[in-house]
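Structure, as structure tokens:
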Amino acid sequence: MDRDVANSLNFLLDKLTGLLGRSVPEDHVAGHLIAAFLYVGLLLHLVAVSALVFIWMERKIAGRIQDRLGPTRVGGKFGWLQTLADGLKLLTKEDLTPTGADLFLFRIAPYVGFCASLGAFIAIPFAGQDFPFVAQHLNVGVFFVLAVMGIEVFSVILAGYASASKWSLFGAMREAAQVVSYEVPLGLCVVVPVMLAGSMDLVHLGDKQQGWFTNWYLLHDPFTFVIFWVYFTCATASVNRAPFDLAEAESELVAGFHTEYSGLRWSFFFMAEYGSMLAVSLLGAILFLGGWHGPVPVASLLGLAWENGPVWGYLGNLLGMVNLLAKAVLLVTVMIWVRWTLPRLRIDQVLTTCLKYCTPIAAAMFLGAATWHMAMPDRVFAGLLQAPEANRLLAEPSATPRLQKGGNL
Amino acid sequence: MNLHSPATYLSLLTFLPAAAAVVVCFLPKDQDEFVKKWTLGATVVAFLLSLGMLVGWPGIAFQIGEPGMQHVFSVDWIPSFQVHYMMGIDGISLPLVVLTTLISMLAMGASWPITKHVKAYCMLFLLLETGMIGVFLALDFFLFYVFWEVMLLPMYFLIGVWGGPRREYAAIKFFLFTLFGSVLMLIALLMLYYSSDLRPLDAGLLAEVGISQTDIEAIQAADTPQHTFNLLALQELGQTTDQFKNRLAGKTYEWWAFLLLFVGFVIKVPSVPLHTWLPDAHVEAPTPISMILAGILLKMGGYGLLRIAYPICPEAAYDLAMFVCTLGVVSMVYGAFAALAQTDFKRLVAYSSISHMGYVVLGLGVWSATAGTDYNPDYWKMGMNGALFQMIAHGISSAGMFFMVGLLYDRVHHRDLNQFGGIFGKMPLSSGLAIGIFFAGLGLPGLCGFIGEFFVVLATWKFSIPLAVVSAAVVILTAGYILWTLQRVYLGADYTGPHAEALTPITKRELSIAAPLLALALLFGVYPRALLDTMEPSVSQTVERLAEWKERDDQAKETRQDSGKTTRQARRLTNHHQQQLTTPSP
Amino acid sequence: MNFLLANLLSEPVGVAHYMVVGAVLFTCGIVCMATKRNALGVLMGVELVLNGANINLIAMGSPYLQGENATLGLDGQLMALFVIVLAAAEAAVLLAITLNFYNSAGSVDIDQADQLRG
Amino acid sequence: MHWPSFFFLLFGGFACLFAVAVVLASNIVRMAFYLVLSLAATSGLFFLAGADFVGAMQLMIYVGGTMVLLVFGVMLTSQSPFVSMRTSSGQMLTALVLGGTLLFVLSFTAFHVPAWQPTHRPAVDPNTPLLTATPIGMALEGYRVDQLDQPDPRIRQGMSGYLFPFIIISVHLLVVLVGAAYLARAKRRST
Amino acid sequence: MDLQTWLPLLLGLAWLLPLASFAIVSIGGSLPQIQGHHASYRSQKIAGVVASAACGASFLLSLLAMAIWLTNHPLGAEHPGGHPGTAHAPPHYSGDFYSLASFGDLHLAIGYYIDTLTVTMFCMVTLIATCVHVYSWGYMHEELADVVDNEVATRDGKALHRPGRYHRFFQYLSLFTFSMLGVVIAGNLAMVFVFWELVGICSYFLIGFYIERPSATNAANKAFIVNRVGDFGMLIGLMTLWSSLGTLHFDQIFPQLAEPASAGGLSYPLLVVAGIGLFCGCIGKSAQFPLHTWLPDAMEGPTPVSALVHSATMVAAGVYLVGRCYPIFVPEVLLVIAVVGAITLAMAATIAITAVDIKRVLAYSTISQLGYMMLSLGLGGWVAGLFHLITHAFFKSLLFLCSGSVIHAVHTNDLREMGGLRKKMPWTAYTMLVGCLAIIGAGVPAWGIGFSGFFSKDAILEQAWSFAGANPAPVYGLLLWVPVAGAMLTALYMFRLWYLTFAGEPRNADRYAHAHESPLSMIAPLVLLATLAVSIGWVWPFSELSVTSLLEQARPAGTQETVQGEWLSSLTIPDEHLSHAPEIQVPAGWTTFSAAMGGLLLATMTYLWKWLRAEEIRQSFRPIHSFLWNQWWFDELYDWTLVKPTLWLSRFFASIDHWLIDPLVHGITHVSRLVARLLDSLLDRRAIDGSLHTLADQTWNTGLSLRQLQSGSLRQYVLFLVAGTLGLFAVASLYWKFAVAG
């Protein structure tokens, strides 16, 4: 698809330069470059703006939960420009580096985290169907997203180590232990929808749940229902959100791994954190909540489908994107809600939760879901309904790609 | 007295020093300085006289490019034995004569530090010069022998009286060795004399070898063998007749005569293993005598070989060519090695002379004109010219070397190489000259030593590859001992031996002796034609004649082997021979 | 000797080029193993070596780089997968050994682990 | 401009660069960091060679898992955060020389096998995406969907599958994990 | 214009001008000594100017000759090498100045043989000589007045005071320039030999310029004598040619060589002997293995001398002669040349790594680079080898002059006492950096941009590559990989030198404090040479003019074909033009590049970043280090195998009389008693008893020594693994080559 985008861009360029008497071939570099920058720009904005919004949301929700108002002044009524103002303040803040720090690692750590967080978005689709909204359509998308997000922990460890501060180091160690542990149940949870869909392609995964909410994997069977919550728990833990935010436990470790950071670098950690939140939420939404297919298939009901022409299809995709983002924001909101509701766990409790509860539960659910799926391959909504025709079509063996023969899906 | 007649001129040249010596007898006893000056004057005149031939004194002008004997004259001396007072010059003898007078002059200049019995010294010195010049000019074997002996005695006394601490030993050693050589030569002389018979030679040829018309008639009329001491005639007989082919103990007379002559001359050269007199003589002799000894006396051996042994006894020379060359190479190697081990400066130079004279013997012997090379004499010419050139060059360089040694010895009275060092700082100019002269000895291109060595070595390959390789290797040893010596004597920080205060800079007298030697070394090194033009025709003629003899000889042997059958080879040879004959002969 | 290295940017690369990268990684790994005294450094060396090998496997299996029937096919990737998994296992064991060694020797300097020397 | 070559140079260059950096670095954490970068670049090479799944695995297991384990080890084992153990330069030089020779031999060999040289007509056009995840999954279960057109029936029917190795590896992994956990369990030092 | 008249005239004049200057200076310098005093300050100054002016005028004349040549022989117009099979000689003019001697058909003369190579060499030699002359104004400045030589103590223990010898220095330089030009212009091999010796003696004088220093005089002697060893071989070569062909004139030799032996040519064995013989001379002069030992010692001479004589010109004369006599060499001889070159370059490079004397490092680097040239010529790379000669002349003289500038500033040669001088003497430092980059062949293979050394070294490596391709036997492959390894070592030792001198912190504060930048007369030649070191390999803009195209024009007949050995029929010397093919050029270029970068990296790691510590490396490789430190023990080896035996032999010869007189019978009894005793101890005690003991002991010791291998060090085991792998690879590939592939 990106090739199509690039070709279209080249077509445009060709028209533009045609005015100057030049021509641009269809497969020119320029189109690819522009497309790439376009994607990255869009994703960057998504992450940055969502971070802005989420921080504001967090403060407002926290305020409400704690019977406060939260920010009210900046930017008018709801203080909705508060985060921007904070950002400006951070930009102008002095950039401190502690004595004895490993400067190179210290400086690079926040960017590693942010890059990992942003990198995950490359493979996350925002709408599917014939022309999915995705920067890079990978057939191992789920895997890729998880893998890239796994790198994020690196920034925390590097930051903790390079700060030459024991608080930071403790925070980093905790983070390492926690994230590595939680990757196990998280992976198990993710495998279930993959198994159900028979693909690791996120676009495919999302499109397998098209139609009504009954087709969501959340409601596929009891096991998937349980496993979604396990997933959500683990996802919260893996992005270091409270109650699993041991790495920056203020009460014990000052500010954990980012104790020594200030200014722009510090804000990058936060961008990364909120970016990751959004990423895991998006992933959860795609895997379990039907992705861009709503509880009610508004788009198809309105006829916004590719069969009816590209414009309608595109509009339908836009609608799907809004749908997906809404679900993701909902999940983020839940995370914020949880944070301000539950107290922070101790590190041993965190690990206990992971290894003694989440992992066995996820494993059991995986077994259950597999059995269920084997018993009722074409049933959805706890086996009550027949899977829609379209979904079954997607699972046809004839659609299995012919490896290495240049076949395309 | 007609100085334009060869007889007068050459006799004057020869006997002027002797005459001066007679005058010295009558000079006052306490006028040492005057005696020296007189002697020097005599040597200068002799030198000028010898130059006179070169610069074209009317009647006696030397024709450059003319290969044959010039200005030959012959006077009856002892008629009963056909001994003639016969002299002449050619390209071989002239350079040696000039060298003799030059070195004598310079050696006399170097004799100033002599203070003991100056009169006697000067007399003997002049007598010596007469003997040397005579040897080079004599064309009668007997006369040659007489001059040879005349030269011997003064030398004996000059070493034995004016020499160093072991002078008697050295003088007697020198005398015995040389006398032994003379005796051998005498035997050969008699052998040849009594085998010779002039009758087979036709009148023209007899006239050509300097026999007077009356004698020719007498010879042709005689019915008994007509013996002769005439060197030119003996050469002719040796090359064209079978007169010396009588057998003695399985070998021909010629063979024995050559051997005797060779040993006699080679003692003078000297070659290993008959060399041991030389280091001792040199070490003990005073500086000027060393100069003469090395500069001229050693050349007589080579001259004798070239003038007498080879042309008269070609067959034996051919048979023994390998022996001769091997001896030359052995001398070169032996001398060089021995020089390397010396700690006495003068002894080192003496051994270097042995090594350098080895080139002469080698160069003479490289008989490459054989059937295998189509009797092409070119390479042998090169070798022999190289040998003669080497004689002259060595005359210049070794005289210079001994002079430089003497110059130091006069100041510090020792010659121990290990006690020298740093002379350059004290005597820069003399050190510079010394280094130049030693480099001439080393065979550095651009200086005279190189040319002779180079010619000889290049010519050797054609004769024998192993000998060529060994002789080429000697350049390494030569460089080794000369440079090492220079380093030990002239270079270095400081002179540590005795009499350091006596190391005064070179005087003008010394400079005027050393500088001409270096200049000549440079001249002959840069422009060897200056010498070669004079000597090359004569030497080449000698070689060509020998090559022709060889060709004739082979042809004769072949015809003996299969008479009646003319092979293609023989026909070609005949043609070649005819071509040779048609070339105008002198 | 068929060298076609002419211009790397305008010509396609071949398996050989991947192999050179693999070789560099491999060599770095070897050098790492041979020079690091820290046991963890050695471990990293091992990882590099395995990765170098993996690159070769992947490259030989890649249909982008070679003509029809010349590639290792999917087997390359499968073997690479096994290597990765085994590397993870090996890393776990090595870390455990290192910890154990640290507990007994108080250091992770493998030069001190020479109790079995001859 | 040939893009695959460009990206190859980019990733390959990074992989080599950081691999060298691992060797050159003396600080263990930095080494680990460079190693991660090198491995990440390697995974880029895997993607480039059409091995998406392995590339993702590489990122996941090595970069995510192994590295965290490593850093974990660093934290636990070094007495102070900045400990570095110097090797004597002599040994270093020996290693470098031997390594250099090895590198030379390997590269030399790589360029001397005709089959490994660049080709303008690859089996699959580099612009065509390959879908490998499913076939790999199938192969691990013993089915070679990529070998369906093999003439040899034994191969076609799964003799080239990897089910058995997969099982062995799985068991091995389990054993290793148990073993590692046992080995690494906390012990009080006797003194 | 009549080239036959003008070229000999111009070049002859250019050749004789330095001789005139020598005569003027030497006689003028000696005149006051007759009066017993020394040359005055002013007259010495004038001597310097006269010598330099003569040299400069020579350069201008050479340039003029070059211009005339180029107008008459436009480059590219005639490419004798362009058409394989046509064996006509390149354009040349030959004749005699005067005859030395002639015997029948044999002629020896002082003559000339002028072709493009001659003219190019003239320009190069005179230019460098002029630079060195000018440089010496500053460098030898101290010699103008009385000198205190601190390195020499007189008898009373004080430092030596002596009058200055400024004019002597210039006198020798002039003589040298004359002699060197004589070698170049020579029209026959005899004349080459003459000037060959003369440059040798100039080198002797210049090495021993500080005649008071024993080390200097020893070095001078060594230089000359070792060269004589080579000349011995050369003489043999001359004899072979002379005896077989009857001439040594180049223009007569070359056509005759093409003829079969029956028609006046040489038989094959003689050709081999002649070739090897001539090459022996070149071995000596160009300091190739095994006669290289003199060159490092020759560094005792003043540095300008090292720059001119012992790097740029004289030592390159050997290479020049090989190039000049190229048609004489048959493939087997070329192989010998190549092998000697390869051994030399590797050996010298290894020694240079450990040397601490700045000039010795450069000396060994010179030897190594000369090895490259020889290798190239031996492998058929005629243009490549001579091209490297030209480029090397510029950058190596630059390097030496820079080192001279450093020595001038810090008054020591010892690298260990330098460091950090970059700040004090920037001009020297950066011109030297240029030289270093040039010698390691810095450049970008893909773009074809680089310093001069880049082009020439690449050309050599390409030829080596081509050769290795043409001769697949693995042994021949060494001739490719040795120079590649050499390229790495070159970068290593050159940058070691640079870093130790200019980078880092000063290691001797005192010397550092007194260091200063050199005067203009020294800097100006440096800058000029640096410019040339960068650019001499380039093509002149908007024309075909480049050193390579000049050399291409001079390419001798017969070198443009691939030739097979007659004895070694498997030996192929490939046509040089084949090496320009991209499939050779590109990999060869990159291989060289990476080798050089590897060496550079290693040097940087060790001496700049201090990541590797030199001291520790020394400790761990003590045997290797001491092996290299002692220069492979060549001096000791020669001392024991050649010098000492020669002296023993000489003593034996000298005492042969006494030896003969020794009572023989006494000797015999002695000998028989000795034999009896020997038999007793040898047979009974040693052989029978001893063998049993030895067996037991050896078993025990073997066990013990094998135990050492089991060091318990994991890292060592890894190294063993790698070494084992490499060994296996070598064995396997050899097995493949010999047993399987046949």
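Annotations
Here the chain labels run A, B, C, D and E in written order, and each chain numbers its own residues starting at 1.
Quick note on the criterion: a contact is a pair of C-beta atoms (placed from the backbone, for glycine too) under 8 Å apart; a residue touches a chain by one contact, two chains touch by 3 or more.
Keep in mind that this is a model prediction, so the values were computed, not measured.
Least step count on the touch graph, chain D to chain E: 1. For the remaining chains, with chain E not counted, the touching-connected groups are A, C, D | B.
Distance from the centre of chain E peaks at A, each centre being the average of the chain's Cα atoms.
In this view the innermost chain, defined by its CA centroid being closest to the centroid of all protein CA atoms, is E.
Greatest Cα centroid separation from chain B: this falls to A. The leading chain pair by number of C-beta pairs in contact is C-D.
Measuring from the averaged C-alpha position of chain B to that of chain D gives a distance of 90 Å. Chain A and chain D have centres, each the mean of its CA atoms, that are 27 Å apart. Chain C and chain E have Cα centroids separated by 44 Å.
Averaging Cα coordinates per chain places chain A and chain E 69 Å apart.
Chain C has residues 1-5, 30, 34-37, 63, 73-74 in contact with two or more other chains. Along chain A, residues 403-404 each make contact with two or more other chains. Looking at chain E, residues 587, 715-716, 718-719, 722 sit in touch with two or more other chains.
Partner chain E is touched in their complex by these residues of chain C: 1-7, 30, 33-37, 42, 110-111, 113-118.
By the touch criterion stated above, chain C contacts chain D in their complex at residues 1-5, 8-32, 34-41, 43-45, 47-48, 51, 54-55, 58-71, 73-78, 80-82, 84-93, 95-100, 102-104, 106-109.
If you check the complex, the residues on chain D that touch chain C are 1-2, 4-6, 8-9, 12, 15-16, 19-20, 22-23, 28, 31-32, 35, 38-39, 42, 45-46, 48-51, 53-54, 57-58, 61-62, 65-66, 69-70, 72-74, 76-79, 84-87, 91-92, 94-96, 98-100, 102-103, 106-107, 110-126, 130, 132, 135-136, 139-140, 144, 146-147, 160, 162, 165, 169, 172-173, 176-177, 179-184, 187, 189.
Interface of chain D with chain E (complex): residues 24, 26, 87-96, 98-102, 105, 111.
Chain A makes touch with chain D in their complex at residues 3, 29, 32, 102, 104-105, 137-140, 143-144, 146-148, 150-151, 153-154, 157-158, 161-162, 164, 169, 172-173, 176-177, 179-180, 183, 198-200, 400-401, 403-409.
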